[in-house]
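Here chain A shows up in two complexes: once beside chain B, once beside chain C.
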Partner chain A sequence: MGLFSIFISSFLVNNYVLAKFLGICSFLGVSKKTETAKGMGLAVIFVMILSSLMTSIVYKILVLLHVTFLSTLAFVLVIASLVQFVEMVVKKTQPALHKALGIFLPLITTNCAVLGMALINLQEGYTIMDGLANALGAGLGFMLAIVLLSGLRERMEDNDNMPLALKGLPISLVTAGLMSIAFLGFSGLGGL
Partner chain B sequence: MSIISERIKNGIVTENPIFVQVLAMCPTLAVTSSVVDALGMGLASTVTLIGSNVIISLIRKVVPDKIRIPAYITVIATFVTIIQFLLQGYIPSLYKSLGIFIPLIVVNCIILGRAEAYAGKNKVYPSLFDAIGMGLGFTIALAALGAVRELLGAGSLLGFSVFGSSFEPAIMMVLAPGAFITVGILMALLNQKSINETNKVNDKIAHFHEFDPETGECSGCGACSHSCKK
Partner chain C sequence: MDINNLIYPVIAIGGMGLIFGVVLGYANKKFHVPVDPKIPLVRAALPSANCGACGYPGCDAYAAAVVQCDTTLNLCTVGGSSVAEEIGEIMGVSVESDSPQVAFVKCKGTCSVAKEKYVYDGIMDCRQAIIAPGGGPKACSDGCMGFASCVRACEFNALHIIDGVAVVYKDNCVACGACVTICPKDLIEMVPASQEVLIECNSKSKGKSVKDNCSVGCIGCTMCVKVCPEDAIVMVNNLAVIDFEKCTHCGACAAKCPTKAISKPLKDRANISETATNKE
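Then we have the complex of A and B:
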């Protein structure tokens, strides 16, 4: 598949959040306000791109050492350490950037979206460039979904007629379900 | 006897990982499109949970506090890798339908959360039954969701057609939107039941994971709390 096809597939057709169910915890949690949603989205894109590069390199090392069965373990540890390291560097060197997206970085260490993306890169046998296209599509797709949901949730916030049992998570889930139906409309886009 | 039944009742009812603690949303939504997948994921997670709880409880006194989380992740990842290969070899159909969610058991909030909240602080015997209880609670909840979705979305249960060939299933139920809507509505129903009983709203449902960027606080699952604390 061409780079653009991979990108569109991860971004819209098989949106990581609404079709693949990855990153749901942070998707539902950080979507209360659009400001925080935007920050989270940017942080996820950033981590996805870096992780895609790192895990592609680490996998090549694992292949050389004939220990590919360690890939799950290696990926988790690499992603977690990478994010910790990046957070420390950003905190020291770019305090403004840290305020904008650095605070979200600890939330992404055990986020299944990033690990899921790395495993999909592995499963589909993507090259480093393919993996980057996948990462960019996945990150942007996450950002799109979370910003959309936050916009909807902000409007539902002041609704006093909502039954108490639905407040918070249940109504967010149903809303995400409706968004997911909308995104089903993308299937078949670009011959995918 | 009482510690066993207490831990098991805790895992299935009082602190059910999906409907009360609201953990592991990702696999819940993804694997509940059929009861077989749901049971398979539930059992795989239970086995991993039992293995990791026991080992972590055994090593809890020797692991230095600073590298506690990477150590736990290593233990969990080892069990997940073993289960992954066992499934690939012995039940390839389940391996294919669960896909990447088998290796994603590593970052399943339930397993890391129980390791941190219970196994890291308690003896082996209670940790073992805590794992069994939580695992059973998770599996039962998954199976219930899977039953609803499969019944409405494919007219079958465990692969056996229930309504006969003239039934037109609501295929959406086994697709992505059905997952969100089923979990949302079931959660609301159970929430209503607990509001009727205790007159209080489940805080974890009403304020799920609310992340406050100012203070870096979030009311999230216990697994991430180590990274949320600033």
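Then we have the complex of A and C:
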């Protein structure tokens, strides 16, 4: 499979949020405002690409030591440290973005989309370049989904006709479900 | 058993942990952002209730806002004046403290005195019951339905449903305002804790219909307005309203009120709820 088809696969066809249901927590948590959603999306893309690279390298070391069964544990360690590092950098260089992301930046640590991406790289036997394409697609796919949802949620905020029982999270979950069905339309695209 | 099976995992994970630890430690120094040393001090003075009554998302955010001089120092209702003074000491300014407030439910229409229109059998939550026909099962559409939305909203165990009506347990109330926001009938309001005489009714209906629905409602007879020596009571929408600034707690209105809608509830009701809490 070529790099481009890997990218399209994780970007649209097998979108990490809307088709694989990974990273739902931050998907719903940070999608109230488009501005923060953009920041979160960029942070996830950044963390994904870095951790894809790092996990590939770490996996090579694990293979050398014949301890590949530790890959999940090692990946968690890598991702957690990376997120910590990213948080420090963002806090120093982009205080406004750091304030907007708030608790959700550390929560990327436990964002299963990032760990899922690393483990899928492994499972599919991707090379480092394949893995990077996958990470870029996954990150952009996450950003696409979260920015789309935040736009919809911003508009729904102003809707006074909505029943009280559906306001807030319920209608967001329904919307996310409909978006997921819409993304089902990509299935089979280019035989992916 | 091959000893390498034990050693290699330890080397792999332990080594990674060590390397990441060193890198993060270095990064922490390198990317250190200096914070105002007053922020942790102010944060320590706050009671950590994280209730949001100050209007900021938690005590951390309020502490930061105080130190950056974005806000006043006496917004923490949980801590009250003592915390405000403590923060004032840290910030080096004096604080004039507000009189403490307490939540108050403007209804005394308990099961025995207020009628029900029908038997409600839906979700036991005020915000759900209010969309039922007539704004809930209670005959008086302004009264407390007693489905305990406010009790669940209260994080300080200060509200109880007693005989079908919510009652504030004054000693536990920190005036965070969570119940005020959640009540769909706007029955709960903040009153000065020292206020003894209060109008325990929220009905804006005319006297006749109030009387049909509830025997302790304000029927808008204006007797209290006439009897008050301080002119502290006015009628708004068929309902007596006390001006807390003018009221001297003389109790003339409470004595005159034909339906006993005016009383000294904060004192009496607190005692009721005290016994109720003890029973639980």
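Rule of thumb we're sticking to: the second predicted complex is superposed on the first by the 175 of 192 C-alpha atoms of A that agree within 3 Å, B and C clash if a C-alpha of one lies under 4 Å from a C-alpha of the other, contacts with A are read in each partner's own complex, and residues count from 1 in each chain.
Heads up, the rule we're going with is that a residue touches a chain if its C-beta (ideal position, glycine included) is under 8 Å from a C-beta of that chain, and two chains touch if they have at least 3 such contacts.
As the structure is a prediction and not an experimental result, all values here were calculated from the model.
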| item | value |
| --- | --- |
| Partner chain in contact with A:147 - chain B first, chain C second, else both or neither | neither |
| Chain B versus chain C as contact partner of A:72, first or second or both or neither | first |
| Partner with the higher number of touched chain A residues, chain C or chain B | B |
| Touching partner for A:177 - first (chain B), second (chain C), both, neither | first |
| Touching partner for A:49 - first (chain B), second (chain C), both, neither | neither |
| Which of chain B and chain C A:3 touches, first, second, both or neither | neither |
| First, second, both or neither for A:165, with chain B first and chain C second | both |
| Chain B versus chain C as contact partner of A:89, first or second or both or neither | second |
| First (chain B), second (chain C), both or neither touched by A:58 | second |
| Which of chain B and chain C A:115 touches, first, second, both or neither | first |
| Residues of chain A at both interfaces, chain B in one complex, chain C in the other | 70, 73, 77, 164-165 |
| Partner chain A, residues of chain C touching it in the complex | 4, 8-9, 11-13, 16-17, 20, 23-24, 27-28, 31-33, 127-128, 131 |
| Residues of chain A that touch chain B when the two form their complex | 18-26, 28-30, 32, 35-36, 39-40, 69-70, 72-73, 76-77, 80, 103-104, 106-107, 109-112, 115-116, 119-120, 123, 163-174, 176-178, 180-181, 183-184 |
| Of all residues in chain A, those that touch chain C in their complex | 58, 61-62, 65-67, 70, 73-74, 77-78, 81, 84-85, 88-89, 91-92, 95, 164-165 |
| In the complex, chain B residues that touch chain A | 22, 25-27, 29-30, 69-70, 73-74, 77-78, 80-81, 84-85, 100, 103-104, 106-107, 109, 112, 172, 175-181, 183-185, 187-189, 191-192, 195, 201, 204-211, 213, 216, 218, 220-221, 223-224, 227-228, 230 |
